[in-house]
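Two complexes come next, and they have one chain in common, chain A, joined by chain B in the first and chain C in the second.
Let's look at the complex of A and B:
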C-alpha cells in the first residue's frame, strides 16, 4: 500500500522508534563487544571489521538505489555482529562472500530490515561455516560476555529485545547443563551463549512477535542450541547458537500462528 | 466568528441527501441534509446564516458544507418538551443530535431504530490538554443529569458514565445510569478502553458512545427545548499565546478562532493548526464535530525541506511508503486491548479484514490506534488502515 503514512505533523511529533533510531541503539549496544574483540584479537580484527562494514554498506546502498528506499544503515549492525562472531584469521575474501550472501539473502532481498525472516548476521555467520568447511567461529571470553551486558540492558530498556525470549532460552540452557554435567559447566555455557542470545536469537524482527509465542520461541531456540551443541562436542560451540537462531527463526511464523489461534480462542471465551 | 462548517471527515461512509442549496437562508436547528441510507438521521445547522458553499467528495460523500453566519433576529421557538422514549428518540433524530452517538463496532452514526446494549458516556479528558469535564460541566446546571436520563431511554441496558476519579457525576440518576471510574493512565480517556473493560463488543453486540458535551446539550434540548450547539474547546500547543478553554461551536472556522491567539514561530516557521490532539487530530481549517481541543504547532518552513536528489538525499528522503515494522515492546504498551499487537498491525497494513476482525479490530476506532501509530517504527497511519478495514466489515455486516 502507498500513501498510508502519518500526516506530516504527526510524523514529526512521533517520539517512538524509527528504523534509523533502532540502528543507532543497536550500534551503541554493540560498541563494547566490538571494542573487546578489537583489544583481544588485535590488528587482524580491524581488517575483518572494515571488510564486513564496507561490504554491508555497499550492498545496502546498492539496494537502496535500485529500490528507491531510504537507508536505515541497519546492515552496519549486521557487520558488527558478524565481526564479533568470526575469528580474525579468516581470509578477507571469505568474509566478503559470507557477508554478501548473509546480508543479501538474509535481509535485503526481502526488502531490508524488518521484512526478512532471519537475522542477517546469523545468516552471514551460517554461510561462512557452511561454505568454508573447517571454519570455526570465534570462542567467547569472560570479558566479551561481560561487555555484552550493558548493551543488553540498553536494548531491554528500549524494548528491542524481549525478556521472555531471553528467560526461556536461559532456562533451557540451565536445565540442560545441570542434567548433562552438573552446575560446573554453567559459567562456560553462559559465556559462550550470551552474545548470540542477545544479538541473534533476540533479534526483534527474526523472532516470534506474540508474547506467548516468544516464550515458545525461546524454549525452541534453547533446545536447538543444546541439540546442535551435543552433536558438536563437550563445550557449547558458538556455531550452535548461530544455527539455533536460524532454525528457530524459520519456526517463528508457525509459533506465532499457533499463539494467535490461542489468543483468539481466549477472546472468544471472554466475549461469550 | 463568521463561518462554521459541517465536515465529511467526521462522517465516514455517509452519503448525504441535501435539503438546502447554496445561498439558502437557514435557521439554527434547521435541517441541512440527511443520510441517504437513513432519511430520519438529520444534520442541522448549528447557527443561523446563509449556506455559503457545498463541496462534495468522492463517491457522493460530503466534503464540507460551509455556513456564513447571519444572526437572525428571532430565535427558533423552543420545541415542546419530550418525555416518552419514542418522543425522545424522534426529537434527537429531528433536531440533529443523533450524530452525537457513534456505534461500536464500526464507529458510525447509529441507525434510527437501533437499540444498543449499553451507552457509554465519555466524561474524561480524552487526551492530554483536553478540557476537564468537571470544569466544563460545572456551569451547565442540571443539563448533564437530564441528558443522561434522556439517553437512558434509548437503551434497555446500562448507561455507563465513564469519568476520572472524583465525585460521581452520575449519582442519583437512577439505577440504569452507572458511574465508572478510570484512573488516569495511557488510553484511560478513550471510549474504546471503557467499552473493552465494561462491555466488549463484536459483530453481534453493539454499544454506542457519546461525549459529555453532547449529553449536556441533549439535556438542555429535552428540558428546555433550546438548541445549544456551543462547545467548550481547549486551545493548546506550543504556538498558543494563552492556552485556555474557549467557548465556540463545533465546526467553527479555526483560522478566525485563533487569529489573535498565536505566538510567532521560531525562525518564522509557519503555523500548523490541528483540530483535535497531537496524536489523534488532523490538520484542519474547521473544528471537528467530535473534537474538543485545538492544537497549535510549528510547521516545517518550506525552504528547509530537504532536496531529494543526490546520494545524500537517499539518507534523508522520507518515503511515501511506510517504513518496516520493527516489533518493539513500545507497541505492546501502546495498544490496550489484549490483542497480539504485531500480527494485528500486520493484518491492518495488508488490509486483511478477516484476520483483523478475528483479532479484535471491531472493538476499536481510529483514536484507539493513534498511540500505536506514534510508537511504531513504520510511520504508518494505522487509523486510516483501520477505517479502511472497518468500512469493509461494515459493508459485509
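Let's look at the complex of A and C:
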C-alpha cells in the first residue's frame, strides 16, 4: 500500500539526492555552527570534534568493510552535530562511548544513513546524557543561532529540511512561550532551540515523510520539547530538543502510516 | 539424542534467551547486580530441573485436555517451596529479588520446556534438558548481570574494581546500566554476537527494501 510514497529508489530518482550528496550538503550547512563552536569554546572543542569524527568514521569504515557497503562518510555529520551539542569539558572516553553507541545503534545497524529510525546525533547525545548522569548539554548562543541560519536556508532550498516541520514546531513553541513567559521570551526561545530544530528534529531520515504527517510530526515534537523542557526561564534546555527528537522519531512511521491511509481513503472516495 | 546433547545444546546453539527469546522479563529485572543474577539463575535452574522431572514422571497420567493447568500447578508448587526456602535461609537476597522468584511461575521457559520436552521424554533426559536450559539461561543472565554491575557501578559482586569519579578516579559509572533499557541493549548485542558467529540462527527478514535492481523494466 505504501509502495508509491515511501519507495526510496523513486524518491531518490525524483530528487537527485544520493547519500553522498546529502552528506556534502549537511556538512556545508554545519560548517558555520562548527566554526562558531570552535571560536566560542577554544582548543578543548578541537579534541571533541576530532574524537567524534574519528570515532564515527572508524565505525562507518568497519561496517562498510564487513557488510560491503560503499562509504558515504555520512557519519561525519553525526559527529559534527554531536560536537556542537555537547560542552567541551566532556572527557574523551565518554565522547567515544556516546558517539559509538549513537552512530551504531542510531544508524549503522539499520544499514546506514537513510535506513534508521532516529537521528544518529540525537541518539549519541541521548546516550551521553543517560549514561553519564548529570551531563549538561551545551546551550546555544546568539551567534550560534545566527550561524545556523545560512545552513537552514541551504537545506530548505535543497528540500532536506521540511518547512512544514519547522513551522509546526515553531508554532507550538511560540504558543507555549507566550503562555509561560510572555512575548519578551520568544527571542531567547528561538536562540536556544533553532540548532536542534534544524539538525535534529528536521532530520530528513528521522522525521515523517508525508506532507500531512510532517505537520503532525512537528506539532508532536514541539509539544514534547515543551514537556521535556526543565530549564527555568525563557530558554529551551538542549536536552529537551534531543529527547523530543528521539521520541517524536519513534512515532514518525505511525504518523506516516496514518497519513498514507488517509490519502488513500480520500482518493478512493474521489475516484471510486 | 544423547544426554550430552540435551545438556550442551541449550548453552549457545539453542539458547533459550538468545535464540528463542524466552525469559526476557526476568533477565531485565534481576540483572542490575551479579549477585542477584546468580541467585536467580540457581533458583530458575533448580525449578526447571524439578518441574521437568516431576512432569516427566507424571506424563502418562496427565489428561491432555487439562495438561497446562497441571503443569502450572506443579511449577507453582515448586516455586513456592524455593521462595519459602530463600526467605528462610537467605532473607536479604530474597528481599532484593522481591517478587521475581515468585514470578518464575510465569517464566515462559519453564512451561515451554515442560510442554515441549518433559511431556514426551523419560525422566532422566527431562531433568538433563532442564539443567541444560537452566544453564543456558544462567549463562546469559551472568553475562548481562556482570556487565551491568561493572559498567553501572564499577564493582563486581559488590567489590569495587575501579575507582569511580565520585572517589576521585577517572571512571564515571554509566547510569543507564542500572536501568532496565540497558539490559535490552546488552541482550541485543549478545543476540547479534551469537548470530554473527552462527549465521544459521539468523531469521529470514519479513520485509525487504526495494532496490534499484528490483525495478528493472
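Criterion: the second predicted complex is superposed on the first by the 251 of 272 C-alpha atoms of A that agree within 3 Å, B and C clash if a C-alpha of one lies under 4 Å from a C-alpha of the other, contacts with A are read in each partner's own complex, and residues count from 1 in each chain.
By our rule, a contact is a pair of C-beta atoms (placed from the backbone, for glycine too) under 8 Å apart; a residue touches a chain by one contact, two chains touch by 3 or more.
Quantities reported herein were computed from a predicted structural model and do not represent experimental measurements.
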item	value
Contacts of A:89 with chain B and chain C, given as first, second, both or neither	neither
First, second, both or neither for A:133, with chain B first and chain C second	second
Which of chain B and chain C A:115 touches, first, second, both or neither	both
Partner chain(s) touched by A:230 [first = chain B, second = chain C, both, neither]	neither
Chain B versus chain C as contact partner of A:180, first or second or both or neither	neither
Of chain C and chain B, partner touching more chain A residues	B
Contacts of A:64 with chain B and chain C, given as first, second, both or neither	first
Contacts on chain A seen with chain B and repeated with chain C across the two complexes	3, 7-9, 115
Chain A contact footprint on chain B (complex, rising order)	200, 202, 205, 272, 274, 278-279, 282-283, 297, 299-300, 314-330, 332-333, 338-343, 349-351, 358-360, 373-377, 379-381, 384-385
Chain A residues within the chain C interface of the complex	3, 7-9, 91, 93-94, 97, 101, 105, 109, 115, 127, 130-133
Complex interface listing, chain A residues touching chain B	1-19, 21-22, 61, 64-65, 69-72, 111-115, 158-160, 162, 204-205, 209-211, 256, 259-260, 263-264, 267, 270-271
Touching residues (chain side chain C, partner chain A) in the complex	170, 172, 174-177, 179, 185, 192, 209-212, 215
